[in-house]
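Scrolling down, you'll hit the structures one after another.
Each of the two complexes below includes subunit A, the first together with subunit B, the second together with subunit C.
Right, the complex of A and B next:
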């Protein structure tokens, strides 16, 4: 077990900067998820940690050891690949035990630890088989087995669930979380899927275009995204953005857009005061737009009328695709909501859950701490 | 469930009709393929039958007139006993097997480095190796011969015979064959090796494997078809080689079969019964090798075409 530290790490491929001055500490025993769209540098970050790609600038520490020039085989890491990368010519047992054998463990030791790992993952009866005789889910487990059997300092997982079908993915997700809790080892997990990130991570690091955008626990990223990118990336379906203009009216501030005027809650006033007369980016999550007929408690309502574009009935909820004077947005409302496409409907924005961003820097405009607000615990799926 | 639509019968005649249609459609193709196969085999069959016939029969009638009771094994007996073909068969084996092994061993190591070990100048060096493919062997014979002449160690090599190195030595001809076979061998194996999934190599490294262990435990076992195909190619080339043996092995005691048969043509140009028998003896081992490994051979020609 060990902490991992990225200290001003930069990776360039020719002219392209894949990772730009990354500073990130993964504490011992943590489950850190690196998430971002494709090409954001998350896989490169993992590969640099693994020793598969060289670092252009900066250093990486595992524990107290600086590993910049340590070859992959001496870093004491285990990695689960997206393709599983099982050795096709070896049986499952040999696949799992390969690393132990190379490190000079005795035959009986290898057998014992392979069996223990297989038992942990429920693949005891597969040990004699060749990888090609296994299903995708079974291969996935073998790949995990190959990683855990070595009891490495850090586990690296590179999109390990992408090749599984949806049902198996959910199941394996919880299993990996359980595995992490049981082993207590540091996990670094790469994915492009923010749902995986939200459900598994103790902390998430969001990357975009090689730059670290924000690091924090899932709930913090959801509630206080540092910038427009994180706000749009974390949460599913993603956040709606509007571009209202701030206008002061006596002691209060109002946000004007599309012939609407919304009063800014008091705790946002100090932050938004400097923007008086200027536009800002207003973010509202679909789950914070409600049908007035089924309003939950604790909502600070601001009513808005819009044309219904499409309704998507999911059973447990309904998605309303709305259009207000060319601005499209999505509301995630109570399934009992009655709405007909092409007709006007009234929805209610919960202003207490709004997010504000500077339109130029795209950085978050902070509100004061909410005194009485029940901290949100919405399930994100 | 009634849909009100008649469901077509699925078994019986429709399937049979389809089979007929498919067969008819492919008949011209099959006929052509069989035709070519027969045409290609005729000379070999003629050679085989002639090798079992009396000299007088060969002189007076065509091979297709032969009947089973007129055939004889005398030709083979003569060739093997009196014309030194037995010794040259052994020489051919002594030349071919080590030369083949040397090519496969060295080329696989080089190919691994070209495929998976980044080093400065790798691309250029590989280009040079591939470039050697276009250098005609004949151009190099005189320089190599002069070099060998200068380097000849005129002492008898224990067990095998011949000189220790240089002209008239087994070691010299192994080295020559290995060197001439190397560009193609490296080219073939490097392309096969680099088609192996990168993840496998990286997984092995994270499992703690050194380059040597990756090569020996991952890359080589996964490349058996390519190695076998290369082995067969190299075996056939070396076995069928006349030119290099002619230049480097003057000593008749060391001559391989190709050289011996050429000499037979010179001294017994009209003794077709002996020439055909000798030719067939020289074909025997390659045929055995080919049929034993033809599965790998076909796979190996497609090496690198698709990921296994």
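Right, the complex of A and C next:
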């Protein structure tokens, strides 16, 4: 079966380094999502795997086969493109069956497998139509059909949902997840949308500026981001960052900022001790800032007063855009909150869920494992 | 409101209609009128001029059979070579780094005057190797000079050491040479239009085919050609019409001698050299009738494109 291995892969376009010394293994049957902002090298990575872009340095293995010099047509991969890239002059059935036909399958074989793929995707009644007579969602299915009919070793998906409207995107997201579970094939999925990454992936690889930032299961990236970039990128709305100074006070450490002093929970003390007297980057997710009136249980509270800029009622929650002495941050609180714009409000930071980062390297400062926390992170670089 | 009066659209079309009437409809009708009159457009002769085209009574003065056959050959060979050649060159030049230079080089014949280009070829195809570039090259490599423009395919008598020897000419070489020059001139046109169409093909689609397992030939055959079909049709129809109307090239290079006449050159010859306006007009009408189906095809395609 097919694992995929990137071994010290570098891609340069002239002077520009698009992918920088990438080491990444995708295990067989995994749903790996490559995520990052535009220009981070995720699409280039996928295209190198597909054989559409040449590798500058390093090697790529599919299964045990080194494919650096294997042309795209011989790699036994299937790819779903962002624009779907359907063949406009062919019917849906011919679009799906094209790859099989090229590989010399007999007519009856092609028809049978095309029908089976169409059935899987619920597009049996569209087989005779031309792509231009289809809606965006239907085209997307045809593109998926063209991929699954070949029963390839690895599926590559390049932002397949970005041309769909919001509702269809959510629906197709779950369908692709189901498809992955049913087929059990390796999926490599590229997106800039961290929500897609979080919801679909078995593992996420975060890239930025051509460098792999962190690889791990969604939960782990959320709970233990390896650096400031991952912390800010994973999670929506994104994490708030503060720049407090660490100050020791007897046996305990405190974080001082904006006339506020927070006691550091015990499990961070060993990690933060070397930073005594120096600033660090403190990260707090909006969902870990609460309205004191509706405090959930298990919170290690640290109170903070701030001016409310804007409130956004989402229904199930309210976003508070807060400002404390010029530092803006976002809180995701209970919708019953009484906070009103332009007034001061008290919110509570759950210090037990805080994240700390080195201000220079931007790397995570590890806390001692809490009893319930997952083990082992695969921080890279 | 002004726009609601029935005559307003006609008012706007009037200048165009007047121009068309003066320079197209009237000459067309008059040509037809002359085609049923005698040489000096005096007496009515019925369909005699058309009959003469069919019966070819004076092959040494005006070989209508040869002109029709040559034109048919132009129509088929010229188009059948130029379109595929333009397509292949469009694909190939699209892949090289010096794309613009390569395309310009191929397009240059279209940019210069066809008469000038024909004059150049007339010199190049001259029999005497010290004038004709082509024969200079042939003799340089040890070959015999060839009468490119004069070889009608008739058996030729050569004086050899053993005495006169007859060499059969299996094909009428000079027509093929002229058509080759035509291909050289028009390939640039096919190339430019087709490569514009090629640029419109999304690279993602080609990549999808590659991932689907297609090699470059299969991509060309199954993706590029079908996608380009409308453009190929436009180029083909344009070239067919040009092949039917071909005149300048033949007129300048051979003047229609050595059985290279096409309908257009023969019609000119009949009208203005042999001073037989009736015969010339009849040939012009034949040419017009031959173009009509192609025009209809073009209009139909245009309408279906408008509808889509």
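Please note the rule applied: the second predicted complex is superposed on the first by the 370 of 381 C-alpha atoms of A that agree within 3 Å, B and C clash if a C-alpha of one lies under 4 Å from a C-alpha of the other, contacts with A are read in each partner's own complex, and residues count from 1 in each chain.
What we mean here is this: contacts are C-beta pairs under 8 Å (C-beta built on N, C-alpha and C of every residue); 3 or more make two chains touch, one makes a residue touch a chain.
No experiment lies behind these values; they were computed from the predicted model shown.
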Three-chain arrangement built on subunit A, subunit B and subunit C clash or fit: clash
Partner chain(s) touched by A:87 [first = subunit B, second = subunit C, both, neither]: both
Which superposed partner A:66 touches (first subunit B, second subunit C, both, neither): neither
Subunit B versus subunit C as contact partner of A:182, first or second or both or neither: neither
Partner chain(s) touched by A:278 [first = subunit B, second = subunit C, both, neither]: neither
First (subunit B), second (subunit C), both or neither touched by A:107: neither
First, second, both or neither for A:50, with subunit B first and subunit C second: both
Touched partner set for A:328, first subunit B, second subunit C, both or neither: neither
Set intersection of subunit A contacts, subunit C complex versus subunit B complex: 50-52, 71-75, 77-79, 81-83, 85, 87-89, 98-99, 102-103, 146, 150
For the subunit C and subunit A complex, residues of the former touching the latter: 202, 204-205, 207-215, 218, 222-223, 226-227, 229
Subunit B-facing residues of subunit A, complex: 50-52, 71-75, 77-79, 81-83, 85, 87-89, 98-99, 102-103, 146, 150
Partner subunit C, residues of subunit A touching it in the complex: 50-52, 71-75, 77-79, 81-83, 85-90, 98-99, 102-103, 146, 150, 156
Subunit A partner contacts - residues on subunit B that touch it in the complex: 197, 199-200, 202-210, 213, 217-218, 221-222, 308
